[in-house]
Amino acid sequence: MSNEFIALAVPALLLLSAIFILLFGFSTHYTKNRGYFITLTTLFIAFILSANGVGQKYSIVILPDIFNSMIVYDTFSATFISLFLLGGFLTLAIAKSFVDKTNFFTHESFVLLLFSLFGMVILSMANELLTAFIALEIASMSVYILVGLNKNSLKASEAFFKYLLLGSFSASFYLLGLMLIYAQAKSTNLDVIAEYILRTELHSQLLIVAGSMLIMITIMFKIAAVPFGAWVLDVYEGASLPITAYMAGVFKIAVFAFTLRVFLKDYITFEAVYDPLIIGGALVTMFVGSLLAVIQKSVKKMLAASSVVHSGYILIAFASIGEATSSAASAIMFYLFAYFISAIGAFGVLSYISKGSDKLINYDDLDGLAKTRPMIAASLTIFMLSLAGFPSTIGFIGKFYILTSAIEAGYTFLAFFGVLSAFISIYYYFKVIAHLYFKEAGHVEVHYGYKVSLAFIVLSAVVVLWGGVGTSLLLDIPGINALNELSRYSIESLGL
Amino acid sequence: MRSLALQNEILFAILALVAIVSSIVMISAHRPIDSALSFIVTLISVAALFALVNATFLFVVQIIIYAGAILSLILFIIMFLNIKDENLPDEKHKNRWLFAISIIIAPFSAILIDLIMRSDIAVHGVVREGFGTIKDVGLTLFSKWVLPFELVSILLLVALVGAVTLSKRSE
Amino acid sequence: MLKSYMILSILLFSIGVVGLISRRNIIVIYMSIELLLNAVNLSLIAISADLADSSAQVISLVIIAIAASEAALFMSLFVVLFRNRASLDANLFDMLGNKNER
Amino acid sequence: MSVLSAIIFIPIFAAIFLFFVNLHITLVKIVYMLATLTVAYLAVRLYIDFDASSSMQFIEQHAWITQYGIKYHVGVDGVSLGIVMMNALLMPLVAIALYKQRDKRGYWINLLFVQGGIMGAVLALDLMLFYLFWELMLLPIFFMIGLFGYGKSNFISMKFNMYTIFGSLMMLISILYMAVEHKEQFGFYSFALDELKNITLTTSESLLVFSGFMIAFGIKIPIFPFHTWLSDTYRSAPMGIVIVMSALMAKLGTYAIWRFLFTLLNETSQELAPYFIWLGLFGLIYFGISAISQTHLKRMFALSSASHLSLIVVGFYIYSNYGLIGSSYFIVAHALSSAAMFLMVAMMYERVQTYTIESLGGIAKVAPLFALFFAFFALSIVGVPLTAGFVAEVLIILGAFEYNTAIGFFAATSLLIPMLFMFKTISKVLYGETNEKTKNFQDLRAHELLAVIPLALLILAMGIFPNYFIKKIEPTAKAFVDKKEAVYYE
Amino acid sequence: MSDNLLLTLFLLSPFLSAALIFLINLLFKNAKQSVYTFLALSGSGISAILALYISYHSYFEKQIFSSHLFTWLNIGDFTIEVALKADALSSFMILFVAPVSFLIHIYATGYMNRDASYGRFFAYFNLFIFFMFLLVLADNPIIMFIGWEGVGLTSYALIGFYFGDIQNTYAGNKAFIVNRVGDFGFLSALMLLFLSIPSGGFGFSNIFLNLAEIEPFTLSLIAFLLFVGAMGKSAQIPLFVWLPDAMAGPTPVSALIHAATMVTAGVYMVARFAPLYNMAPEVSLFIAYIGGISALFAALIATKQYDIKKILAYSTMSQLGFMFMALGVGAYSTALFHMFTHAFFKGLLFMAAGAIIVAFHHKQDIRDLRGIKFPKIFVMMAVASLTITAIPPFSAFFSKDAIMGALYASGHIELFAMAFISSLLTAFYMSRMMFVLFFSKSEQAAKESPKSMFYPMMLLTLLSVFAGLLNMPELFGGNLNFSHWLNLADKFYTIPHAKEWALMSVNTFFIALVIYNTYKKYAYTNEIIVEKNYGWVTNKFYIDEFYNKTVVVLLHKFSIFFDKKISNFLIDEKINLTALAYLKLGKIVSIAENGNVRFYALYMLIGVVSGFVYLYLLLGSVL
């Protein structure tokens, strides 16, 4: 299979499947289960397809004549695409009970999920600002709607409202930025812009600097960096758990995928200009995020707030990209993977035990789970440890790379603050563990069913552990080294 | 030629003034219907500004889609929801807010304007015949921008699906 | 001429932002967002004219399409919100947030 | 897999096995005993095979995270051998003594886990590997306190956790900093102890790196003023973990100072040594005096441990043959004594359900064997002659006097201070009239004797024939002192 | 018999007997008393016989026994051998320690008869002897220190022997803790000494060879610190407080440990380090003064005591003061000779007191024991009392007189005066005790003591009377055999015989006078009942109270201060507060998170504007 084929086949598959379900949904033969399995199968096939493209180093401009070099398929995008698809697959697989128990999860939901994945796929391949924007909008709008799916729920509607309003607001900043860049560079293609920047002096790049700044603001909004991320707690709270998992685990990574590309191609020349801003953003984000996470009473909101903190960590690596390009960039890749699998797992567990109800999972709801459901509790513990960056989990390795790259870039103090917020994060993550294990069960034993969901949760937990200690010494399964290689290839395929 | 340029500038000044004033009225009017009406004025003056620089196709699109479709939609919604005056939010501190936010945003605008003034972005390209016509735009669209065009269609589909999903009464 | 257009566009954009934040009426807020997009379009057209290249016009065409899709979503939002609360006051929708945590 | 890896991983795998396989509690205990006894056997073999004429041996190395030069790199030398032995010996003994008291699977799983963690941390020669185990051993302690602790165990386990992780994270930054420096100076990342020591740091850098490490170790030990987690944690923790903490984990902190700080930042350590010696001496006296007014047995012994650990820190920082050998000997001696002492306290608690000193008395009358061992272990903590602690204290004090007479005198107060509380405790607990609680005090049972007798014999053997044991440490100490001289004369 | 075996057997026989008794006691609850008796007596008996054998050879053949058991420690230069050596001094020590302890063992079999803890008692007892022997025979100071500490430890166990009464245990604690203060000094001294000795091992001989290389200040410091150790063990001011309390133990314990053996360890140690002390004259003088003050002080307190054992305890302290005075002026063998005689008569006094105590159902107050009728005991006690008051020709007359003579001759007349007054006070309190006990109108009869108690006392009576002959001064035709045997670095003071005669006579005369006066005061009167029993002397000058206030209470206060104020309040509280403050800050921040979407947009706007302001400032500086 040629890579070019994969690059076209994956989005096409997603699109076709989406449209098929959309139409099929009106048929009487449609049942929720069928829709569910069609979606799962699509995602699985697409994942297998895209995973094929992972592991070698290449970079192909897709149909340059037709698409005018607007999308590029390289290891970088292949890796991310596989991640999205895997993420979508895992979210859906774990959320079986949610899909079954709720009546608002109609066939349109599957369609929107597939559309949003389609948007992300394009986003990760986009090499042009407008294409990226539209892809981002496709993904965002699908997610907006997914958030507001449960229109009987006031909370969901409110979350939808906030997300949509602020999202549109931030999108207009992106467009303003795009306009300014276009005004100066006369192009929206990343390569052309990069070439323009290299060619000219700073005083004829003023609008590019300002425009990039505006685009960065949109990105900051999407990754919920402070002060642009005020929405995140509310929206995560209002959305149903699988959707939250999807947003935290998949959508955020998609944004980062695009960000990383833009950064490595264009921003890197303005590194001196943006570094202080990103550093400031990282510090504020980590600080405020951990403040918010500490006071939350519900696990879901805590995870939401902590996802802000994780954005802060990634910003650290972004700040270090200029000085320690390759290590920082691959650190981001690795960290994203680490965060992705841990967050999907954590939210997945929550959605598994919430059984589709829209109630918040409070800390108290976890009491005594270790007694009744040891495997679930153990998995959740592992996810928490990973999010907290505890050694022997993948989260630690991710944090390790990020901190190393920060120190390598000379930002030791930034690493120090990162560590400090990791320290604070210990509190709220371990609080979950404490509730799981130390409190007496407040409720009677519940039968959750859905062995498949459980299996995927446990599988994610195993991956988290293996990503923390895995070595080819022990078993012939790719471990940390392989992941590392992968992220390095991805970064190198960007042609740096 | 000079007189044409001058004429253009005068026209621009008038249209700009109309656009700004009407947009200010739009954001400060109490009743949404007033806002919508003044917004139409803004949109039309913007459309006129399009026309001023030969973007005839976009002028038409602006009038049809914005002033026509979207604004009608807004008006329709306002009517449809039958929002009465007493249902409107009681915005006691509206003017304070407007003032405060204007102050806050002033540096942003000032900086951007300053940056624009400083940069030498204008290339004064020579406008060829038929520039901005539907043919011209269409050729560009289907030669260079096929992908965004296709993607936008998907975006619209998404919005459509979403609007239907959300608006239909749940069974 | 280009710079005048851009300055006007920045001014309109700012006015849009002011309206977006200051107003409680969601419909006005929505119109402010549309104003933002329009402001961007204005500049793009001017750039296009200056460059004598219709690419920027295509971009603004796309932006108009995006605005249309946003419009669709906002319309359904109005419906949903009004159905829930019988009001379009942005301030009323603050059920989420940290009030209950304090 | 070499013997060291086996020692590290047998308990960990046993723990994982027990976690996944839901066995009956008796079987759990049997598996526990099998695993720990295997480890003990391997450790004894290790001790016998240990070549007393060289320092680091049994080295095993594998690549782990290649891009960052992180290796699985373990080895044992004279100083770590002691901790390995203690860890291997104490675990089965603890189980023998306590097996009737604990019928929860988690208890034994966590103990196994912590054993593996400590083994790994002691044997690791790669900083990342060390960090991994250093953190890993924390987890079972957290669980143990939370699950089986007393009082506000929830809060206390969290507090303990936060304290120690704070230290670890500071250390992490230091480790990373050194690795990056290594890359900048030699072109590749490395976390190996013997490669990282080659890097050169400016004074302020090395000070910062040093403090990162020192905070971690200082909290674990604990040294003043990082000690405030101590007494609550000890009071709340279940006995198995108290023994692990006082006998092994705290020692690991002092050991790590020597192993890592002195190797990596030799010059800085030597420059700062006087401050830490004084801090240690202050801790010795401070904790000792704090212990006097304690009414809770575990708290008291916690402070007493802290006091002695401060002395061990002093011994290491003296930077001499005597200090080092004394301290490493003291690590072992104190591990034995404090573990035994806490075992006795655990047995006592099982019988009287109280830890309050005031509510006890007259046990010697009804339970002579218990009294005998209690008093013996208490005295061995005080360091009376013929016990192991005496030898160690003499060596440390000798080193202290060699360093500076005034410091010598302060170090020698370790003869006095523990007595002040220990004798009061012995009197109050064992002597006097029996009361309601103690009048039916059952004497030691066979399995309890089985646990404490080896400890007592070992303490005596190490006190009477220290030379046999010290010979294993000496080459390590010699290598260390030679290195110190080298730095000194450069 | 080889030296090795001989010394090992000598050392180990008490140890083995102790260990066996211990095991039997723990394992067989109902073991017969006779088993213990046999083991205990054979243990100490063997060592007594061996002691006599060793001393015989040492005395007559100047033989030095030495034995090397194993290497205790060997780190570089630091080599400590477990080596035993019986030179003249050690032989002299075991000459009286082993037999006296054997006698006290025999006595104890009677005294402790049918005691529930009979076995345990003898286990401790023999263990004590073991440590004492180790102390005496050690060939290097570290091993000596081990014995030294071991002696203290067993003494602790024996004082608190009857632990049912917690006060006894406290007395034991006090003894051990105070002793440890001394040990602190001792060990510090050893460390300094070790570091000052260049190389060649840490045996005594090597130490003394290298003394010249130690710088004077360090030497003085070492000497002083060693003496601190001696102070603790030999109950000298200021570390004497434990000795009176130590009388809580059974009387044989008092006889053996707190009269004959352990308390003399300090004297032995100073004598052992005689070469060192000769090089530190100022410390020696200090020792003499401490000895003098202790002697006087203890004698003064003894005059107002009523507990028969306490009187004897203070008298012990006082006599030890005499010995230290002698040591201080360099008359080492004189001091040791007094120690020798003291072992006998003080042992005897305690045993007699013990007999009385047993006979009168553990009454110890002499006011309750007035006019007891106990002829044999009376005779023996009278002999012992006369000996201690230095009435010729009893043994202590010679030893004490030699001390007085040495003090006088050394030129420190103030020391002599202190010694003189103390000896008068000794005469007073001893005769007071005797007269109150035996000369009274009221008469109480008592049963006879068992033979096992009686015969050892008999033997000691004889020894008290005649032991003086062994070191007769020239004045009486003797030739100071002991001094020659010991061959210590004595400073020999010679004073004219006339003066010596005069001293003796005056001394004896005054003592006689005091005894006469005491007789008038106490014999057949109620003086003892009516005399005032309050005031400074009766209350031992409030020294205990003083220590209690300053040391014990202060330490406790410090402890609470450290624990509560510093650890809890200053550190822990602050850390907790920081955490709380963080939480509070979180709550404050969450006010911003108020759920109103317009505010969220406002935050975004603020972010945008501040970003642009930053950008503009930066670009402004660039452009």
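Chains: A, B, C, D and E, in written order; residue numbering restarts at 1 for each.
Heads up, the rule we're going with is that a residue touches a chain if its C-beta (ideal position, glycine included) is under 8 Å from a C-beta of that chain, and two chains touch if they have at least 3 such contacts.
Source: prediction; values computed, not measured.
The innermost chain, defined by the distance from its C-alpha mean to the mean of all protein C-alpha atoms, is D. This structure's chain pair with the greatest number of C-beta contacts is B-C.
For chain E, the chain with the farthest CA centroid is B. Chain centres here are Cα averages; for chain B and chain C they lie 8 Å apart. Between chain A and chain E the centroid-to-centroid distance comes to 78 Å (mean Cα coordinates, whole Å). Separation between the centroids of chain D and chain E, computed from CA atoms only, is 36 Å. Centre-to-centre spacing of chain B and chain D amounts to 72 Å, using the average Cα coordinate of each chain. With touch defined as above, chain D holds no residue shared between interfaces to two or more other chains.
Each of residues 2, 6, 13, 16-17, 20-22, 24, 47, 51, 53, 59, 62, 66, 69-70, 73, 77, 80, 90-91, 93, 95-98, 101 in chain C touches at least two other chains. Contact of a single residue of chain B with at least two other chains is seen at positions 101, 105, 108, 111-112, 115-116, 118, 121, 123, 144-145, 148, 152, 155, 158-159, 162, 164, 166.
Pairs of chains meeting the touch criterion: A-B, A-C, A-D, A-E, B-C, B-E, C-E, D-E. Chain contact summary for the complex, chain C toward chain E: residues 17, 20-22, 24, 90-91, 93-99, 101-102. On the side of chain D, the complex with chain A involves touching residues 19, 62-68, 72, 128, 131-132, 135-136, 139, 142-143, 146-147, 153-154, 157-158, 161-162, 165-166, 169-170, 172-173, 176-177, 179-180, 183-184, 189. Those residues of chain E that touch chain B in the complex are listed here as 602, 605-606, 608-609, 612-613, 615-616, 619, 623. Residue ranges of chain C in contact with chain B, taken from their complex: 1-8, 10-19, 21-25, 27-28, 30-32, 34-35, 38, 41-42, 45-55, 57-62, 64-73, 75-80, 82, 86-92. Interface residues of chain A, counted against chain E in their complex, comprise 161-162, 165-166, 169-170, 173, 202-203, 206, 209-210, 213-214, 217, 220-221, 226-228, 230-231, 233-234, 273, 276-277, 288, 291-292, 294-295, 424.
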